[in-house]
């Protein structure tokens, strides 16, 4: 019973989301607002700024390098959290 | 040391100290020196940053010197720097408290993990408060949700694991919703910088009203889930009840507040208050806030476990912050901002005093508090001060936030909210007053009615006393906080800087 | 898992997987891939080793202490590179302004700090994947 | 290319529903791995080869292995 | 939304929303906790799909400069770069959730939520 209620609510949500798509920018359109001067800056200036060919690599390790620092921290956090849950058996037993 | 890099130094010291903690041996002399040395430095730097921002205005810091549109930018206004200072000071006090207290709950060899997680928690909270970039916010938010789950599950008990899993699932739904909201904003603006997003939205929002509406509802739901507003609070009581005492103190004091502050940022800095008023989403927010205020207090009344009672009272207090946001006026915003810090002081005092009682006596039932005031007068005194603040007795900071909130409600012509605030104060009195009164006046059959000194270790006593003093000082001189808020208000209310 | 075929094939194939992972990391700034993908590939090769030879054997090659050090070192290395930027040019995580050698466009040695960071990320991701897997499967 | 995209999306939805309905957890994980691989192909179509590689290595590889590791230590069938 | 070509044009958005809802349904209704973790993963990939689709431009190339050709018609690289971070975040959360599941199985002997609740009630009495 409860599951059906959730299903109906979520279906309604889906209908609302899909029906509002025609008021959103069309996918793949060159005139879409997300493809603005920021994206063009990355495309045009990567070679000059960082001297590499892969633009995505330039963004994650140079333009927005701080995000990647945060992301390595997420990895570190997850391993600390897993260690704190599953105990210290992973430590080499000889020591 | 160049003073322009202060925010980076604060974050880096926390991060380096966190990642090197597993290398040192638990509770050795060097371990403590390193931990408290780095915390001390962070406090000093946060204070310096506050002074710098106070004297020279809001600070914008770009990483890698890139233009704010293409790189990541921090925006540190007066209030943000105050909040960062509050976060590091109160967290430091809680860490001092936890040096003795945490050994009740976790084994000694796990303490390095615990401190690593607490330092990462401080790192992510400070970063989340300072950042002015939408995706950077998401990254910090994920660190925060992982660490805040992990400091619950670190206690080796099955109830902890279950509570933490529930929190992780709901928290991840929240962050995924927020990321979807951010994606929808990015879809129509093409910017990730909050200021630039705001500028773009103010010109394009008529073309894409659906985008803004859906994105804002996803973001509000996600942040409401993480900040535990009433119908979405189901993870909170379990999590706070079973967590180690210092963990619940840090979670109640700041983690939910940081999410509430993030909502303030979204409403005022990203979308802009004019757009919010036009699509009138603040009216819905007000309904949830009021339900949260009333229902949180109602649930708190029936609780037998004192930590669970405090947890439900947190739900009601988050309602105040949301109510302030939904009033969407200058006064309402400043009431919310004031309450974030005021409640952090009060709730951390309450949780730490309860932690001290559990440490000393091992009791956590509300009914066992009878006559306890004779044995632990200092602790229960601090508890009573914070409890009176929650009720709203003049002279303690909780009263001031209710006062500002009432003024704001009156100003925007919705005096009905004042009635709800009064009802909530009354409900708060029902569950807080009996504890304070019976602790000092009621006779208990187990104890003698002789006033004693409570022989707590200094590391437990000092944080409690300092936090209780903080409650009183900010209650008598609210201008200490309000002057920062007044200066910071223009960065929230006008477009750009 | 005492299957001779599995063990032999694993022994044969692992050097190639690792070589490919190293290639992906080193060419992260020139072709698709980079630290995350390459690190995950190297991590997957060690996971394969664990599946074929058992956890004790993998640990004798790569002890938990080493992976822990690499995880900590990855973050420290990243911060260290950022601090070089502050020390030289007063810009945290600065690249060209901090005077990293930029190399020639389109060759392996180009992009200044980018390849240094990518190598750090790759090692960190690899060691994190390995130790996550070991923690998950290990009975105590 | 557009119709390939359409077919892949439909396949993804079918996979997601299959994961939701399957009682056998190992089958659910295997279907989820194929879901990740199809997602990697979709990202190639969307001109994001970096994500495609990362998804193939992390999403289809490591995540699947982690899930299987957990199932090997717990119960296989969903009730 | 009346004609078919709009649907086909926006099929990625529709697919992303549908996957999001399916994932949410899995998380909210399933009693098996491992299924809930999978559900969260489906939700995350759905949002990633949505994000990357925003950056897609019809007819454009992958954002890797070819020095010999020298064309500059690329898709938007920013969403791709962000999702690269997002995938790693997702796997971290999955790993932590799975470690909690192992712990829960050790303590309760089951991963079904209703059985866990039943055992907890018995223990509390």
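In this document, chain identifiers A, B, C, D and E correspond to the written order of the chains, with residue numbering beginning at 1 in each.
Going forward, contacts are C-beta pairs under 8 Å (C-beta built on N, C-alpha and C of every residue); 3 or more make two chains touch, one makes a residue touch a chain.
Just so you know, these numbers come straight off a predicted model, no measurement behind them.
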Legend entry - Touch-connected components when subunit E is not counted: one piece
Legend entry - Touching subunit A and also subunit B, the following chains: C, E
Legend entry - Taking each chain's C-alpha mean as its centre, the one farthest from subunit C: B
Inset, instruction - Compare the CA centroid of subunit D with every other chain's and tell me the farthest one. - result: B
Inset, instruction - Calculate how many whole Å lie between the centre of subunit B and the centre of subunit E, each centre taken as the average of the chain's C-alpha atoms. - result: 29
Inset, instruction - Express in whole angstrom the distance between the two chain centres, defined as the mean CA positions of subunit A and subunit D. - result: 18
Legend entry - Rounded Å distance between subunit B and subunit D, as computed from the means of their C-alpha atoms: 38
Inset, instruction - Go ahead and note the Å separation of the Cα centroids belonging to subunit A and subunit E. - result: 10
Inset, instruction - Could you list which residues of subunit B touch at least two other chains? - result: 15, 19, 22, 63-64, 135, 139, 142, 146, 149-150, 153, 161, 186-187
Legend entry - Per-residue overlap in subunit E, given as positions that touch at least 2 other chains: 12, 14, 18, 24-25, 37, 53-56, 62-64, 67, 74, 78-80, 82, 84-85, 87-89, 92-93, 95-96, 98-103
Inset, instruction - Can you tell me which residues of subunit C touch two or more of the remaining chains? - result: 30-32, 34, 36, 72, 75, 79, 82, 93, 95, 105-106, 125, 132, 135-136
Legend entry - Touching chain combinations (by label order): A-B, A-C, A-D, A-E, B-C, B-E, C-D, C-E, D-E
Legend entry - List of subunit A residues in touch with subunit C within their complex: 47, 49-54, 56-58, 60-62, 65-66, 68-69, 72-73, 75-76, 78-79, 82-83, 86-87, 89-92, 95
Legend entry - Parts of subunit E lying in touch with subunit C, wherever the complex brings them together: 62, 64, 67, 84, 87-88, 95, 98-99, 102
Legend entry - Residue ranges of subunit B in contact with subunit E within the complex: 135, 138-139, 142, 145-146, 149-150, 153, 158-159, 161-162, 164-165, 168-169, 172-173, 176, 179-180, 183, 186-187, 192
Inset, instruction - Spell out the residues on subunit C that touch subunit E in their complex, using ranges where they run on. - result: 30-32, 34, 36, 105-106, 125, 132, 135-136
Inset, instruction - Sort out for me which residues of subunit E touch subunit D in the complex. - result: 8, 11-12, 14-15, 18-19, 22-23, 25-26, 30-32, 34-35, 37-39, 41-42, 45, 48-49, 52-53, 55-56, 60-64, 74-75, 80, 83-84, 87-88, 91, 94-95, 98, 101-102, 105, 110-112, 115
